[in-house]
Amino acid sequence: MTFGPSEVLLIGAGVLSLGILISLFRILLGPTSADRVVAMDTINTLVVGLMIALGAFYRQVVFIDIAIVYAILSFVTTIFIARYMEQSREKGGSD
Amino acid sequence: MDWSLLYDAIHVVILLGIVAASVLVVRMKDLVSAAVALAAASLLLSLEFFILQAPDVAIAEAAVGAGLTTAIYIFAIKGTRRREEY
Amino acid sequence: MDAITIAMIVLIAISAIFVLLGAIGLHRFPDVYTRLHAATKATTFGTIFLAVAVIAHGVYSYTKAGAPDQPAYIVLVAHTIVALIMLLLTNPTGAHAIARAARRSGIEPERAVIDDTREVR
Amino acid sequence: MITFLVLFVSMLLLYLLLVAGSGGGDGLLGQLFSYQEIGAAIVLAILTAAIARAMLGKAKNRVMNNPGKLLKAPFMFIVFLFPFFYAMAEANLDVAYRVITGRIRPGIVRIRPKLKTDLGRTMLANSITLTPGTLTVDIDEKSGDLFIHWINVKDTKTDDERIKAVCGSFPAWARRVVE
């Protein structure tokens, strides 16, 4: 058993995946759809962080490129849903 | 303590998240909330491909799943009523 | 345990604390706007510290590695910096878009003591 | 022309950052870039700048028309990063305190920062979103007023006091960097 930088990165990745699991409960509970979009945006940020941590853990550079692509594309999704909610002008329903 | 156990634990957490988000997609009555849950499921699926060390599939899933399908679903929801009734 | 391990433990501990606080804040606050405060600020700050830990790891490994392995660590550090810049540009913009969409679709801020947007529309 | 040059330099820097580590030489400088990549970077940056110039030249960004300010802006931006990161750390400790205790007093206030350019307003809005207890909700596009959600409203009398309480010295910094 060794304890070096790789193991520390793995622990950080574990904490981030715990944060993803906690945020998923807000998608389940959230009274309005805006709450769910907030939870999805949080998960996006955490997934980018997890990709950076695991990319350094694997020591392969291709994996960090995925994080860059992912950060840009998830932003497009968030903006798209926000534009739709802005135009629809009705109260977000509860479930 | 064996560190590969923690690696497997992350893997299991991501898989549980995919299952939970997919169940939410079916159960939601509000269509925009269902689209958001579908986006969450597909981004966790992209992370799963990442952990299985398939970078090309992960990029394709991120582009198609997180970017394109959500936009198409929102376009489709624009043409319907927002709430599902049955 | 050498110096780089201790430095990374400190950086990743800070990042873990803020990420968990952001995720818990999603459940402790009453409405969309206050949840956005917890979600954007705390998780962005946590991810910055995680990226700084990865950059420190890359720089340290560059000084230790032999000549044929060194370019891989330069690429690692440069691409982590690009990912961090993208995150810092897109995160506040996305939060602002969500807040504006929520206000224009008619969600009232809960327990608000003052609301200047009400007199505009 | 100046828009073209700004786009060219920024695209060149982005491409070079993405291909760092492609050289085959010895030492840090020898390993950074190969000649082929630098040539490709120049060609692609010229193409990108020529295509994107028509789109970005329309914005009301007056800093683009003033070469002296333009050369000063990157240095001022780097100096701005230090107070910005201090305020960001303060913001996160504040949010952490409010998550733990649950003590909030939210509200949406209207402030008038008197910035003229689009770039300055964007920078101020993004800085406000990342710093103590405030979040930009909406913008009045004609007058440049910002609507800000404030997690812990303090009572203020005049407009200047309110701007000071919401965003500290950021309007002055934004004016210094891009106007």
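Here are a few things to note about the model shown:
Order as written gives the chain letters A, B, C and D; numbering starts at 1 within each chain.
To be clear about the criterion, a contact is a pair of C-beta atoms (placed from the backbone, for glycine too) under 8 Å apart; a residue touches a chain by one contact, two chains touch by 3 or more.
These numbers come from a predicted model, not from an experiment.
A count of contacting C-beta pairs for A-B and for A-C identifies A-C as the more extensively joined pair. Taking the mean of each chain's C-alpha atoms, the chain whose centre lies closest to the overall C-alpha mean is C. Distance between chain centres (mean CA atoms), subunit A to subunit C: 10 Å.
For the pair subunit B and subunit C, the distance between C-alpha centroids works out to 21 Å. Taking the mean of the C-alpha atoms as each chain's centre, subunit A and subunit D sit 23 Å apart. Among the residues of subunit B, none is in touch with two or more other chains. Subunit D has no residue in contact with two or more other chains. Across the assembly, subunit C contributes 24, 36, 40, 44, 72, 75, 79, 82, 93, 95, 100, 104 as residues in contact with two or more other chains.
In the complex of the two chains, the subunit D residues touching subunit C come out as 14, 17-18, 20-23, 26, 28, 31-32, 88-89, 91-92, 95-96, 98-100, 102, 104-110, 125-126, 129-130, 133, 135-138, 140, 147, 149, 151, 153. Only residues 1-3, 6-7, 9-10, 13-14, 16-17, 20-21, 24, 28-30, 32-33, 35-37, 39-40, 43-44, 46-47, 50-51, 53, 55, 58-59, 62-63, 66-67, 70-71, 74, 77-78, 82-83 of subunit B touch subunit A when the two sit together in their complex.
Within the complex formed with subunit B, the subunit A residues making contact are 1, 7, 10-11, 13-14, 17-18, 20-21, 24, 27-28, 30, 33, 36-37, 39-40, 43-44, 47, 50-51, 54, 58, 60, 62-63, 65-66, 69-70, 73-74, 76-77, 80-81, 84-85, 88, 90, 92-95. Taken in their complex, subunit A has these residues touching subunit C: 3-5, 8-9, 11-12, 15-16, 18-19, 22-23, 25-26, 29, 32, 34-35, 37-39, 41-42, 45-46, 48-49, 52-53, 55-56, 59, 61, 64-65, 67-68, 71-72, 74-75, 78-79, 81-83, 85-86, 88-92. On the subunit C side of its complex with subunit A, the touching residues are 1, 4-5, 8-9, 12, 15-16, 19-20, 22-24, 26-27, 32, 35-36, 39-40, 43-44, 46-47, 50-51, 53-54, 57-58, 60, 72, 75-76, 79-80, 82-83, 86-87, 90-91, 93-95, 97-98, 100-102, 104-107.
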